[in-house]
Structures are given as structure tokens and as C-alpha cells.
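Lettered A, B, C and D in written order, each chain numbered from 1.
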């Protein structure tokens, strides 16, 4: 077996070493492109005191929401949490610490962590509650705030197609935060819809090179839709 | 004609508005993936006093080297300039201003410019001549220097396949600096080997979205090889 | 008469230009897509990572992997591209989007905008709104001129936590089209049948009314 | 006898592990690829934007669009991926590469390295070397122990402009394998037939020779 084969045999193995009070970076936007089964495995393990970095926190009974219900999350760093009643309850009661972070800043914090950039300046959030306590600096007459990168003990990622070496391709807008999350974990765990032998993917068309991936497992996905909006045939 | 059609009719039109003393960001690494014909058009125009931002500066008679010969470049920001005798002569004689910049920092400066990030911290260059005069800052017990983004008046880019809307796909390692350069020009000009109608490229497989591209032209390319290294059949 | 939501969207759509890349927020801004003039094309950016958002899918086309920033199922338009959220916000933060339209709770004469939080009441998060207002040069805020209780939303100083500081220049309300210049609201247009006095009464921040104010053409 | 370039590459290759992502600099480091043990696989990263660099192409395979960081035509290995230079250096700077091997003019007891410039003589630029030494935890410097004129390249303080500060821990020369610990060179191994006294004489920086020094196994 090649040393580059990242495939593991079970979800248990995929998340081995995940312990209480660790930080998890999660891919996904809303319920789209979320690592459903890895989240379920965290629920099954019952790991507590987690810090979760994710754009959203799922809904009450799906996605990261299931970890909220079990009170496994202590702190969440997210940009939008409006879809989740339990979330709001825990936040308002002070049981859950929430750090609201602008979506683009969150994406860039993950990317920066993976790219060895400890901090960067952005105009986003200057003069708002997000900028409070952060350094302000002027470049070309504009004010920017300093934002630091966020690294995870684990990153959990959902891909569409992977090869055994961990090269990943995402499908449509299920890509979202997954490529940055994949770079930002000390241990990056990926679940994919399909795993093909190394060498089958076009090197020019890989979204996440396998160097970022530590463990890989094939899963089946519910892919729940949050807002099912349709038009009727013939309608513009 | 759609407002998104970026195709122009001539190289003259492609570089209309390029004036003396402007800054040009160029894609390419060595002679690989360089916008050959756009460079030739700059030579033809005779634009002077240029600041060029590019990883390399071509060779004496090809790539950006042809602009050196005509003394069109006043300043170059590059990581490696060892392939060019005329370059060395102009640099040592003080005719050409050279800012040596680490390759990864250069790539990131271009990306940052395109991404609205005025500056970022990197460990690269700390304690070296590159770090002189730059702010040093400690994050998690490590020292980093502050590097600012670089924007160009023009960016010149070579793609493999483009659609009329300016969506780009690069081929193999001819990708290199081109995707970042494409984001960093006030006006981004692309030459491609092939232009197909919008809608023909898979949205999941586009390397540079058309939003970054202002003008697009189809060219034919010499694709000169700098180091022709081969193995003989049967050789390992 | 105050404009309806649809009329507001129609007025905003007049600001579109052929070849514009546009980000439309949730609510009234979304409706703008329905009024793109037929002689032009615009491309919609959805900040989760899609440039070239198409119409809603049919039942057969529906795809859980293809949604917009409002988490609605969508399709792709001709010439679309899909990318990561980091790339999407590089595009937004880097100022590559030509026009951003979004809603707000309040705007003030300094160009400040409050749109994401009502302390103690509504804490859903800013999503991409802070990046959008910080990154775009060309922003139109759409909102009703006043609350249901008749309180002005155009203030001398925002009272709610800010989404962005000094970044708003244009506001389209159900009563007026207003530009912010040098720390003052300037009335550009009034809605058909709406009296300038009514707009003045409902604008808490300083309002400049020049002799060139026009009636909106809807 | 001092090691040949090939023998130096062979010794470095012993530090490889199955599944390592490795960046090899120009010169002796490049030769390391020829000595990867047959029971393991490593993947070569080329900083222009290729992970999984293959062997040189045949005349028929040659492709101007596929080169390595030394501008040589190459091929791709199984499971390769190709990406932008920004992504490539994100990988490097972010510490994702398992081992970096590169040459140098000088190294000192503080782990400083000078490898890119001889003022007034050689000014070709640092290319990716500064990013590589700043980004990697695990770096092996390969160089001859002394210049042709017998001047030590292992110094108490580098004299040339630095490529990186405090980032080097291991050095493989034609005479010795040395580790830097707490501001001193520690001799780990000597080349077969090379006297420790000779190594001492050619090492300008402080050299610690423990009783556990081994002869290199080539």
C-alpha cells in the first residue's frame, strides 16, 4: 500500500484522536456541502467542549445542529446562525459562546491558517462591533482591521469525488468553505461521495491537492435541502 | 452582443490605454505560460518607464527580456532573474531598478491586491535583506514581516482555453502566476490559445472567473522551452 | 403613493448597466433580478461561490448541491463559474462586483449602515453583508423610509450596531432616491405622488432638497 | 573520502519516509529523487505549481506547458495535482511539505542560511528559497563542507545576506551529517574514511562531537 493512500475503513477511524475541548473547522454553507456523516460520528462519540468554526451551525435536527442539541459545542465561530432555534436559545441563555465573524473574513481566516499567514488586514468590519479591540491601520487613506488566522485540531470536509491520494473535486456550490477548511486542520478528514484510484483525476482539475488531506472515507449523503425553491416548467 | 463579451479584435485594442510609467503585472514562470504576444505588442508600442511585476524577466530575446533590450522597463519586481544577461548588465549598471521579492510573497502580493487585502504577515524574509525596513510582528512566538499587496494598471495573462465571457482555464504548469495576475490589474488583458462560446466550459472547472477579465484575444504561441530535459525511451 | 416592493426593485433596476456583475441581497434586492431591462445582460453573484446565478430550478432540475446565498435552490446561467467562498469574497472584497444592492435597518448621513443585529432581539449574524458593504464602491441600500411606527430609518447617527462605516452613498426607499454627499442626505428623486414635505418629515438626518429633484420614473 | 554528490544524495534519501511530500532544490537536492528506497513512495513538490513531479519526458512526451521549478521539462507522476503559484506557496508557507532539501553557500550555528546572493558577484534572486526555508519544519541543507579554497561554510555567523533566519536544523555535507542544537553544530555522522579532526578543522562554528558519532552508512 502506498504511503499516500489516505483511505480509512470506518468513520471511527476517520475521527480517531478527536478529544474534548478541541477545535473543529467544518466545510459547508447552510446544509450544502456539509460533512454529514462526520458530524454524526462526532455526535456518536459524544465529544464535548468543542469549538466549532463553520459558516453556519446547521438546523435543529441536521448538520452541526445535532451537536448543539447534545450540548457538545462550547463555542462557535460563524457568520450566520439564523436557521436554528436551539442555537438562539443557547446563545441568549449564555450556554453557548458565539463569535460572529463576517463570511469573507471567516473564509480568509481559514485560508490564511492553511497558507502560513498568521494575520491579514481587511476593511470588512472596520468601525463595527467586529472591529472592536482589533488593531486599525490605514493603507492608501482607507482604514482596515487586523484579523488573525484560525487553525483547527481537526478539519472536516465534504468532497464530491476524491482519489485514494486525497486529491479532491467538489461539485457545484457544495464547494463553498470546504477547500479552505481542508487546508486549516492539523488533521484533515474528508468524506467523499466517490473515491477513485489515484491517477484517474485530471491534475489540472483538482480543487484540493491531496497534501492537505490526512484521512478519507466514502460516505452516502442525505443532502437535505434547506429552501426548496422551484419554478414550474414554462415559467420564466 | 452581450455586455459580458470580452473579446477584442486586435492586440492594439487589447492594450489600448497602456501608457508610459504604468505598472504591469505579468503572469508566467520562466518562459512557461507567458503572454508572449501581449509582450510583443508592448514592444511594438514602445511604452517606456514601465514597472513590471513578474516572477522572472524572460531571456534576452524572448518574453519580457525583449522589453529590457529596448529599455522600456524602469523597475522590476521579481523573484529570480538569473536567465538574462542583459538584465544583469542593466541591474549592475544601475539603469534598472530591481526589487527582489520571494516567489511566494510575490504570488501572495498579487492575490492580496485582487482580494482587497492591503497587507499580510509572512515569516518569509524575516531577518533577511527582504525584511529590512518592514514591520516585524510576533504571532505565537514566531516573527513575521508585513508585506503589502501590489496592484497593476494592467495585468497581462496567458490562458489555455477561454470562453467569450472571459472565464479562463490554464493548462498544466503554465498556470503558475497567471490566476493571481488576472485578479490584480485595474485592466486585465488575457490572451488565450482558444476561445469558445460562453456556456461551453464546465462552471466547476474554471480557474479564473470572467469577472476579473476586461479584454480577451486569441493568439498563437511559440511556447519556447527554456531547459529541454529529456529521457530516452526505456530510461528510468 | 409609497412605492411597492416591486416598484422599488424596478427603480433599482434602472441603475443596472449591460455587463454588470451584481450582488443582490435577500428581500427587495432579490426582486431586482426580475426587472433587468431586456436590452441588457447582468450576471448575478451569489456570495457562497457562484457567479452567474440562474432562475429557480424546475422540479426535475433541483439539485441540493446548487444553492444561492439565501440557501435557495437555483440553476446556473450561461457563462457561470463556481468557486470557493474564499475566492467569492476575494471578488467582493477586491471590488470586482459592479453593484451591490442590500437591505438595512438604518442608514445615516455619514454613510454608516446598520443591517444585521438588533441587540437582545435579532442576532442572526452578518453573513456576507459586512464584506459586501466594505468591498463595493457602488452600493444601493433598499429599505422603507420609515418603520411601521413612523420612525425614520435615515438618521443623523445610526443607533444599532453597524454593518459598515462610511460606505453607503445611495439609498432607495419607498418614498425617495437619496444620495449621501459630504455628511448630508441629498434628495435626488421622490416617488410619484409623494410630497417632498412628507419625505422631509420622515428623514431624521439632515436632508438637502435642491431645485432639481425629479419625480421617479417607474 | 569526502562523499560524491551522488553519495550525498543517497544519504539524504535515507531521511525520506513513505508518503512524504518533498521539495528538492536545484543541484545535489535534485539527485535525491534518484535514490528513493524502492519500498516507499514520495511525492515531489515543484514550487511553480506541481505536486507529483514525474521523470523527464521522452522526446515525444515533451510539453512546453509542463516544467519544474528549475524550468526543466518534466512529466506528472500518478496522483499529481497542478495549481497556481499562490496555492503552491500556501502549501509551502503553511508547513504542509514534509521535507525540504536545498543547497546553501553558508549556514551558521544559529540556524541561519545564506544561499541566494553574493553581493557584487551573483545576484540572481531568491526564487522560492526564502519561502521554503521559512515554511518548512524539516529542512536538510546540502553543501560541501568547505569552499574550494578550504574556507568553512559552517560558520559562527553567516557573512552573506541571509535567505532565512534561525530555520535550519540539519546539514549534510560531503564530510558530515550535522544537527544544530542550542546554537552549536552537533556532529551526528562522519563520512566513511573522513577523520573527525578534519571535520573539526573545516568547521568554523562551534562543533560538539559526542561519543556517539557514527560513520555514515551509504
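Please note the rule applied: a residue touches a chain if its C-beta (ideal position, glycine included) is under 8 Å from a C-beta of that chain, and two chains touch if they have at least 3 such contacts.
For clarity, every value in this text was computed on a predicted model and none was experimentally measured.
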item: Both-way neighbours, i.e. chains that touch subunit C and touch subunit A; value: B
item: Separation of subunit A from subunit B, taking each centre as the mean of its C-alpha atoms, in whole Å; value: 32
item: Between subunit C and subunit B, distance of the C-alpha-averaged centres to the nearest whole Å; value: 35
item: Rounded Å distance between subunit C and subunit D, as computed from the means of their C-alpha atoms; value: 55
item: Junction residues of subunit D, two or more chains touched; value: 50, 76, 82-83, 89, 92-93, 134-135
item: Set of subunit A residues in contact with two or more other chains; value: 108, 111, 115-117, 122-123, 171-172, 175, 203-204
item: Topology of the chain contact graph, where touching chains are joined (line, ring, star, complete, other); value: other
item: Pairwise chain contacts, counting only pairs that touch as defined; value: A-B, A-C, A-D, B-C, B-D
item: Residues of subunit C defined as touching subunit B within the complex; value: 17-21, 40-43, 45, 50-52, 76, 78-83, 87, 89-97, 134-135
item: For the subunit B and subunit D complex, residues of the former touching the latter; value: 29-33, 55, 78-83, 88, 91-92, 98, 100, 102-105, 107-108, 110-111, 122-130, 143, 160, 171-180, 207, 223-233, 236
item: Of subunit B, residues touching subunit C in the complex; value: 2-4, 111, 113-117, 163-165, 167, 183, 198-199, 201, 203-204, 206, 209-212
item: In the complex, subunit D residues that touch subunit B; value: 46-50, 55-59, 62-68, 70-74, 76, 82-86, 88-89, 92-93, 112, 117, 123-131, 134-135, 161-166
item: Parts of subunit B lying in touch with subunit A, wherever the complex brings them together; value: 108, 112, 115-123, 137, 139-140, 142, 144, 148, 169-172, 175, 203-205
